[in-house]
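Inspection log for the structure reproduced underneath, given as structure tokens.
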Amino acid sequence: MQKIKFETDYQEGCHPKILDILSRTNLEQTSGYGIDSHCERAKNLIRKFINKPDAKVFFMIGGTQTNTTAIKFLLNPVEGVISVESGHINVHESGAIESTGHKVLTLPHHDGLLDSEDLRKYLAAFYADEAYEHEVQPGLVYISFSSEYGTLYTREMLENIKSVCNEYDLKLFLDGARLGAGLTSESEHADINDIARICDAFYIGGTKNGALFGEAVVFPNPEIFNAKKLNKFRTFIKQQGGLLAKGRLIGIQFEALFDDDNLYLKNASHANKQAMKIKQAFDEKKISFLIESFTNQQFPILTQEQHKILSSKFDYEIWQPLEDNRLAARFCTSWATSDEAVEKLTQEIKTL
Amino acid sequence: MQKIKFETDYQEGCHPKILDILSRTNLEQTSGYGIDSHCERAKNLIRKFINKPDAKVFFMIGGTQTNTTAIKFLLNPVEGVISVESGHINVHESGAIESTGHKVLTLPHHDGLLDSEDLRKYLAAFYADEAYEHEVQPGLVYISFSSEYGTLYTREMLENIKSVCNEYDLKLFLDGARLGAGLTSESEHADINDIARICDAFYIGGTKNGALFGEAVVFPNPEIFNAKKLNKFRTFIKQQGGLLAKGRLIGIQFEALFDDDNLYLKNASHANKQAMKIKQAFDEKKISFLIESFTNQQFPILTQEQHKILSSKFDYEIWQPLEDNRLAARFCTSWATSDEAVEKLTQEIKTL
Amino acid sequence: MQKIKFETDYQEGCHPKILDILSRTNLEQTSGYGIDSHCERAKNLIRKFINKPDAKVFFMIGGTQTNTTAIKFLLNPVEGVISVESGHINVHESGAIESTGHKVLTLPHHDGLLDSEDLRKYLAAFYADEAYEHEVQPGLVYISFSSEYGTLYTREMLENIKSVCNEYDLKLFLDGARLGAGLTSESEHADINDIARICDAFYIGGTKNGALFGEAVVFPNPEIFNAKKLNKFRTFIKQQGGLLAKGRLIGIQFEALFDDDNLYLKNASHANKQAMKIKQAFDEKKISFLIESFTNQQFPILTQEQHKILSSKFDYEIWQPLEDNRLAARFCTSWATSDEAVEKLTQEIKTL
Amino acid sequence: MQKIKFETDYQEGCHPKILDILSRTNLEQTSGYGIDSHCERAKNLIRKFINKPDAKVFFMIGGTQTNTTAIKFLLNPVEGVISVESGHINVHESGAIESTGHKVLTLPHHDGLLDSEDLRKYLAAFYADEAYEHEVQPGLVYISFSSEYGTLYTREMLENIKSVCNEYDLKLFLDGARLGAGLTSESEHADINDIARICDAFYIGGTKNGALFGEAVVFPNPEIFNAKKLNKFRTFIKQQGGLLAKGRLIGIQFEALFDDDNLYLKNASHANKQAMKIKQAFDEKKISFLIESFTNQQFPILTQEQHKILSSKFDYEIWQPLEDNRLAARFCTSWATSDEAVEKLTQEIKTL
């Protein structure tokens, strides 16, 4: 019998509504590469969602290619991107950023988040070094929302980071692979208006929130960029292999996610709600967490005994072995996580 | 009223059978990134299709990223890839190959095809030049089947090219974005066994033959490669942004295309059949072709008058303006091209 | 006995004056990487030479690294550089340009030169193609002065090229590896003021005109560039491996070349004068040239018999085999070519 | 009055013997790009020096380009290079390694050195991670001898590192920018036979040991490499802009450094001897060091008061500000450091 999976938030297909619309539109004929009415409408829905009617929106297929393309666009060849050590681009993208010629400059993370004071100190020290022109030039700050540890920036934290960026003429890019989980979390967090106001570019993740695939890159304030270069962003996408031939497939999915139904937020909200039940179950057993998260990723610390029991019935990730022989696990929920699955897991946790 | 489109072979969604299987499997839970039973089964179906039980098969999303990843894998940094000038990698991939550091070395095309004698002469002259170590080193030959002009290599042509490759220690890579159209053409052509025997690597295109997206990279004879490096091919894919999170989506589609139904060949055969009707209609009007093709791309040469009439009811590509004020057009058919659409087009052609 | 060499213009060390100054300054202590008074003075001499007091000047070691660094600086990642097919960057730099991610877009050459009408037609056709965003974007025009065939642009030719560049928002870069030979040629040619006025960037070659090594990259009109990026040009140089630790060595050499002596022009003038004697000797024997050059490279067409005789006493390059079994040779002169060596060669030519 | 400089080991020209030979050979005619008898002889002298008659030796101009070219050669595109955080490639090469597509994977340094146990633990953890194919693959270990802190590996340390490399199929590359200082140090250290036996590739630095410029890349055991690829190493050099047109200049310098005189070792020995006098002077004043070095770089920790005094008469690098308001300085000596200069410095130190 297959175990119930809490490994990731991309282990099922897509929300049935999306599949339904894909079926209904299947035989429509459209031009390729995202030049079609579905993509146009989806972009407008996104512009409305973020309250930025002039935003430039582009569709891509997956997160790694989105990060790589956006960062390649945002940097010049001698610049690097600043990220916390736990940043996805630093750890889990097989060197995609470096493959385009750019160094990832790392700072320590604080529960997965970048601290604006760390950033300021790093930059002050960088420019104080007489040999700084022999080093990779900081050009961009990369942050994730929600972070790789499920944590969230508040509005104030974003503004502090942005303030340092302004001081040192850096751009700010937000990886929104799990933007939905962040926006619908019960804990304090920046909202979409903050993000669209503060960030120079960000993306809205579809893959991890109910789409088959698809990410929407947003330049909320396009006037800050060289217009000629920004107009070539689709060529950047094509060069990086991210321009889907049947581009309307992404447009259709984002239409489904951002129309009046608010499916994007509903999906994320459901995932978070299920995660909170799991969190509560661990809390009740006094099982502590590597990091406290109020989004769809939970990182309980398990003894080998507890792990043996849980892993016999459930799949989840071993996030990190700890020195005391315990391990930090990761349980993920998604739009698809059923009440039944959560019930089985929480019942099992009670037995630990 | 929307015009009927003959622009490309990727202007509809996917074959309904695929959508049906995607729906039926939608709530299955699988691990991400193509480590799942659907992908495993699809790989086995492909190995059977090509009669190479030991072949290494990898799934990617789209053609440009497939070419880029495979070529990056097959070359070392000072090597370039030889292609005819009309090769997709040379013309329509936004410099993706060069973005990974490699020059595309071009030879003239003959109806879209590479001539083995051109290749031999180029290589002989290259190594006869005393300064050849100051030039990009030829490392790989890239060919397309069917070609960008819808034409096909025969077995003998492939063998001749391979013979030159062997003589000069070059690898041979075949772009199979339109492999199906080639394999099911009524004109003489290499078959899949030839291709799997002669090529060092190739890919089987799904996007242009009825899948939503997806290409299968095949190393039919993996023993000729450095095993350690080939084992890291998935990391190459990830680095290039081509590793789909919900990887099983590609596996499922290739299962549907290569199971007992032979949908892959049926789709292509249907597209070719519809193209032959269109070809016949132009032939009957004594309208000549830029290049004679027996696959799903047709390149009639139209006068401005004829173009005005046809383009009022149909969308197709203007392939190339000609010097006498005529233009070469491209009409594409696909698995989805209906008898009714073809009938309307051929009737219109009769009126020209 | 060693043959007399006419292979290249870099087969001896350097002009004795340079060696003398290197000796006299040898034990001076300076900071590294070109931050020293010699480099400062040399930059000022160059600014004076080109009549551009605000020009930005940077020193590099060799031509390939100079072209690569400048072009990498001048392009964004989806742009390519336009060059004639015979351009050094296209043929003899081992793919250095492509190694930084950029395609070289080629046009036919006319006696080694780019024709502004070819350029205009290419660009018009490029933007007329609906699929142009799937292609490498033209971003820069590369020309050589003197060209790889020893030929020269006139002021009018440069202005025509620049006019097309302006029309299509392209930058213009001039490879001046053999700038001296161009500036001192007896044939009509643009002068240094034209070049500094018309080009967005160019370099002044030292290696092929009497220095041990060293090229000076010039941005004559720095105000047209993003100031922040241009201020990081030294980091571009460092990243490309072109920032010499003992940077003052290049400064010292350019001081020697551009002080009141005018050694830069004297060296080149000498080379040209010797080449004209050789040209005349071939002319008198009615031996024709592949291309007529009035600079230090001469390309006579030799029969096998003539080649056998000359090559028994002299080294020169076989430039290109011709179809009628003759061959085009290249004879190069330099600042170091002695009257005696030329006399021996011209005497031998008389015997042919 | 100019201060006496102890900033670097490349602040003067070159050893007079080299300048003398450059003068004597100046008007010799040789072919370009290092295909000449001086380079041949120099390679043979190096093969003799390292006791590896079959070694492949290549000449390059500077350290950054040497590291970049060698590492690009030694890695495939998904592999990264392991270095301590203080490694030159990680800190002071403006992202040259990343510009060729490779991540620098960092480990903590121990007085500038890589610890083989750190390496082993890192690799064990790397391969224990289920997601390791989503990460940059370790392909090479980079170490410096002497290190960026003037410290040295013993034979045992090198053997331990190599043993881990063998276990995990990694290559080992040694940056010998300051190889001479290491080989002639009075402290325990690996000798040249150890290095040539244990390392897969290394380079012998000329720039920092008395040459005008020039580094010799050595593959002591060429049989371990793909022969076809190694035969193209000159093309790698050319592509990276490191192939000097007047290549014999490097050959001549290495002839001068490695002929019977043993100038290479004499230069380094002199530098070390001068450094030891400076070390002793600080020791006698009980001024401690950031790291204890027995080579030509010394890192005393100065109070602001001491710094004010010394910096009024001497130039040296401020290596690192310390938290207690003191600073670590770096004093460098070289082949050119005179007894008089050292005497002045040591006298001044006595007054502190």
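Think of it as A, B, C and D in the order they're written, each chain with its own count starting at 1.
We take it that contacts are C-beta pairs under 8 Å (C-beta built on N, C-alpha and C of every residue); 3 or more make two chains touch, one makes a residue touch a chain.
All values reported here derive from a predicted model rather than from experimental measurement.
Common neighbours of chain C and chain D (chains touching each): A, B.
When chain centres are set by their Cα atoms, the one at the greatest distance from chain D is B. Chain A and chain D have Cα centroids separated by 42 Å. In terms of their C-alpha centroids, the spacing between chain B and chain D amounts to 49 Å. Between the Cα centres of chain A and chain B there is a gap of 33 Å. Annotation for chain B: residues 77-78, 93-95, 99-101, 133-135, 235, 238-239, 243 touch two or more other chains.
For chain A in complex with chain B, the touching residues are 2, 4-5, 7-8, 10-14, 16, 19, 22-23, 25-32, 61-66, 68-69, 93-96, 99-100, 207-208, 212-213, 235, 238-246, 249, 315, 336. Of all residues in chain B, those touching chain C in their complex are 77-78, 80, 91-95, 98-104, 128, 130-131, 133-136, 317-318, 321.
Put simply, chain D touches chain B in their complex at residues 33, 72-73, 76-78, 100-101, 133-135, 137, 169, 228-229, 232, 234-236, 238-239, 243.
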